[in-house]
Amino acid sequence: ALLEERFEAVIARHERIEPRDWMPEAYRRTLVRQVAQHAHSEIIGMQPEGAWLTRAPSLRRKAVLLAKVQDEAGHGLYLYSACETLGVSRGELTQMLVDGRQKYSSIFNYPTLSYADVGTIGWLVDGAAICNQVPLCRTSYGPYGRAMIRVCKEESFHQRQGYELLMTMMGGTDEQRAMVQESVDRFWWPALMMFGPPDDASPNTARSLAWGIKRNTNDELRQKFVDMTVPQAERLGVTLPDPDLRWNEERGAHDFGEPDWDELTRVISGAGPCNAERIAHRRRAHEEGAWVRDAASAFARATKEPGRG
Amino acid sequence: ALLEERFEAVIARHERIEPRDWMPEAYRRTLVRQVAQHAHSEIIGMQPEGAWLTRAPSLRRKAVLLAKVQDEAGHGLYLYSACETLGVSRGELTQMLVDGRQKYSSIFNYPTLSYADVGTIGWLVDGAAICNQVPLCRTSYGPYGRAMIRVCKEESFHQRQGYELLMTMMGGTDEQRAMVQESVDRFWWPALMMFGPPDDASPNTARSLAWGIKRNTNDELRQKFVDMTVPQAERLGVTLPDPDLRWNEERGAHDFGEPDWDELTRVISGAGPCNAERIAHRRRAHEEGAWVRDAASAFARATKEPGRG
Amino acid sequence: GADLAAYCLGLGDDALVLSHRLSQWCSRAPDLEDDIAVANIALDLLGQARLLLARAAAADPAVVPVLAEGSPAPDEDRLAFFREAGELRCTRLVELEHGDFAHLVVRLLLFSTARLALLHRLAGTRDPVLAAIGAKGATEVTYHRDYAARWVVTLARGTEESRRRLLAALDELAPWHPEQLDAHPVATRLAQAGAGVDPAATAEEVEGVLAQVLAEARCSWPDVAPRAGVRGRTGRDGMHTEALGRMLAEMQVVARAHPLGRW
Amino acid sequence: GADLAAYCLGLGDDALVLSHRLSQWCSRAPDLEDDIAVANIALDLLGQARLLLARAAAADPAVVPVLAEGSPAPDEDRLAFFREAGELRCTRLVELEHGDFAHLVVRLLLFSTARLALLHRLAGTRDPVLAAIGAKGATEVTYHRDYAARWVVTLARGTEESRRRLLAALDELAPWHPEQLDAHPVATRLAQAGAGVDPAATAEEVEGVLAQVLAEARCSWPDVAPRAGVRGRTGRDGMHTEALGRMLAEMQVVARAHPLGRW
């Protein structure tokens, strides 16, 4: 009870819980779930963009994309580390991912179908991720908050690069402009769904807010993203595919249409366009790497024992 | 001794030995080796051309190529059947192929690098094969001779199709003409080497001739091929890459340069540009198909036994 | 014209793309007899694709990509080799990367069962070209379906390993199957005019045939949800899998490098 | 000019093609740390390729493919995306399809050992651009070689399975290694003029380093013959494997679909 009081006090002061501090089991579980999901998203997120590494249309873009996908692996690494401070190993987390027992961001269950998608993912998907993540830099769990600070810095860089790719393409040929528009049409609604279901259908939000794990509701963040993105789209010269999208003077914010929540449910429950492929890809890499990881452990053991190896 | 006399008499009369006839063990072994090598060549030969099925530049050509590769599988099938009449099963033969204990035509150890190669293989490689095979229609072993009659008929069809593809491409763009010339440059010498080493370096030829398994020496067939091909090359408008190639009025035949016999030795002994890949491809297909063949056998057994399956 | 062209493109692209996937099996089948059979099916489908693409081009020349002047490429090749992935109208089932032999025969069963029901009905529609394609195609696809069904039963009842693989392929492919039977506005309009078949109308027959094969295979249809599209759009709307783009990169490379080429 | 350009293309194409093969490993490595390391090596090689291709274009503008007027593609991209396979000058070792992780580290060991010996010497040659590329590249490739060597030793001495795979990769790749050290007339002429390095001159050093790594790995160099070319021609002469054409079909598809594109 004393421990619990101290925990609540830290939360109330908006200070940080650290790994060796006492924490309620439900807080720990919620955090593991959220941080793991976030780490998995970085790792699974390597696939849709990585698929275009081998088709990047200029060497400069190929280098930029390679560096970005490498950054995502890095984000995964330190998010897994943050999660390990909560007592779950990277191996266990990976196993839960490939067994489908933990989730990752629904957005990566949509396919990348043209090179413009690399730009759109940077602009809209990383943009939405940043909206989600910037408040998490102030999250109540120390290692997670510090990881988020580093992640957010690199994500904004990625977002600018994505926007810059789209801007360059819009200055190119008619076909390129059409590619960009088609890509934005395809990703707009899935990007809005990245913030999760509407608040009235999101049962865990209240508790996460109370614990300072989350800092804003889904709908607040979604609104913020729309308001941020509309002027960027104008500057870019693309149309956002929502006939209901308009500035509401009174609210001082944009009104916008309803995402297809039924589609979101299907995607989250595993029937999205790419769910099975993403998991299968990850599982294959994990399984095909097992003999290498085994060899590394065996070699490490052998070389530590004198007279052997 | 009586059996041997009868065998020799059949050979002398240029008649056919049939499966149930007595034959010397060495004759049988030589035949198995030759017919198996021939069957293997058809099967391995599916690879270099099959590699272009997925890149054929017109639907008509794709259909032609599919039908051709399918024919090669068919040739393999009935040559394996001919070989089975000599007491070796298709399974054993395939195992010997993937273990590297039996050979196939050296030509298929060269890569196909452009769509023109599909035409060149038809024209030069099938052309050389026909030169080799037409006399084999009169070979002393019945099932082999009859298989060859059918094979030769289809091969001439393939040869005409190959030549026609090259002719069409020569009537196309400059790039296409350059592709054809480059392809012919690459395949000319390997095609000449299809007839095997020069007669003075071919120890088995004499015996095969005596037994009526072969009907001509390597050099005779090579000369015939050159004489047949030169006017076709002229009609096509390509140059054969041999500065020593010229008509010899006296001999009534073409003189021509020396193939790189050292290269042939390397290719035959396994170090050709594609040997390892061709065998690995075949082995993989064979091994990956094992569970299917097992299932078929198991199902056949089960459904034959009443009350089971 | 536009509806008929879109409809023919859809059916033609299905055949073209599945033919391509089958041709990737060449020299990789478990036995020579299957190498020959699979090549034969690929050839039949390629033939159907050529007729359907030509019909599409005739129905609405605007669907045919414009090439540089002087290009001798016929309409069927312009449609096959010069459209981008998003312009193809095949269902997503046919475009998935090929897997093992169980994957081949399950996909072929799902496709040919749906296609056969459609071709039979197509043979009775108004457009004489489509009707002829339906009649000829039905004969061919009957053989494809029988080949696939025979192997599905064999694998399901062969060994433990083959049954495991067969069920895995069924689990993997079943979610893509319903898209084949989706009522698409284009097909619905044409069907009402008696010039095409609404695949939704074949659903009962198709499910019946599949149930029969699965019963003989002692399997049941897996309890899996159909794959979502993107805001309702799927293959017939040009919303494809990542696999299709990769496939076309290979398939179109030579034709596109030589837009003025003669082949 | 022409010799220097051909020489730079050879070295640049090696780096470009191996970088591409490594990038295919992305999200497939056995562990996250290796995913990052392999991406990093791919990035370094890509950087080297860009400098070398640009140097080739400067040395002889005639090597750069001509595109439609108005194309904004820089020389490095014209060279990377608009040459046919037969115009590339890489050795065949780098273009082979990737295999398992043992294949990755063995190829990387063979390549980086040969390349490091070459870059060290290149740093002392006359051309200031090439000398700078040599000096910078040597630092990077030292890391690549150490990474590869560490894994080769680890796999060779790890488990039975890892040793089996390591030896198989060595058997598979060893026949392609000698081509890296072949004296090619272009390199020989440049080396005589002090403007390039004859790879044959590095052979002793390269074999020495490999012998050392293999000794630590308790392996020996397999007794396999070098792969033949076609009438003496190999990768540096534009005579490649079938794998290169397939690789370029994918690598070049977007760039070629938009020759006037801006990226």
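Going by the order they are written in, the chains are A, B, C and D; count residues from 1 in each one.
In this section, a contact is a pair of C-beta atoms (placed from the backbone, for glycine too) under 8 Å apart; a residue touches a chain by one contact, two chains touch by 3 or more.
Not measured: the values here are computed from a predicted model.
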| item | value |
| --- | --- |
| Minimum number of chain-to-chain contact steps, chain B to chain D | 1 |
| Selected pair, greater C-beta contact count between A-C and A-D | A-D |
| Chain centre separation (chain A, chain B; CA means) in Å | 56 |
| Separation of mean Cα positions, chain C and chain A [Å, integer] | 36 |
| Distance between chain centroids, defined by C-alpha means - chain C, chain D (Å) | 41 |
| Junction residues of chain B - those touching two or more other chains | 55 |
| Junction residues of chain D - those touching two or more other chains | 249-250, 253 |
| Pairwise touch network: line, ring, star, complete, or other | other |
| Each pair of chains that touches, named by its two labels | A-C, A-D, B-C, B-D, C-D |
| In the complex, chain C residues that touch chain B | 16, 20, 23-24, 26-36, 39-40, 42-43, 46-47, 49-50, 53, 73-74, 76-77, 80-81, 100-101, 153-155, 157-159, 161-162, 165, 250-251, 253-255, 258, 260-263 |
| Residue numbers on chain C that touch chain A, as the complex places them | 85-86, 172, 175, 224-232, 239-242, 245, 249 |
| Chain C-touching residues of chain D, taken from the complex the two chains share | 84, 246, 249-250, 253, 256-257 |
| Chain C contact footprint on chain B (complex, rising order) | 43, 46-47, 50, 53-63, 66-67, 69-70, 73-74, 76-77, 80, 90, 115, 165, 168-169, 171-173, 175-176, 281-282, 284-285, 288-299, 302-303, 309 |
| Touch list for chain A against partner chain C, complex | 48, 51, 55, 110-114, 182, 186, 189-190, 260, 263, 266-267, 269-274, 276-277 |
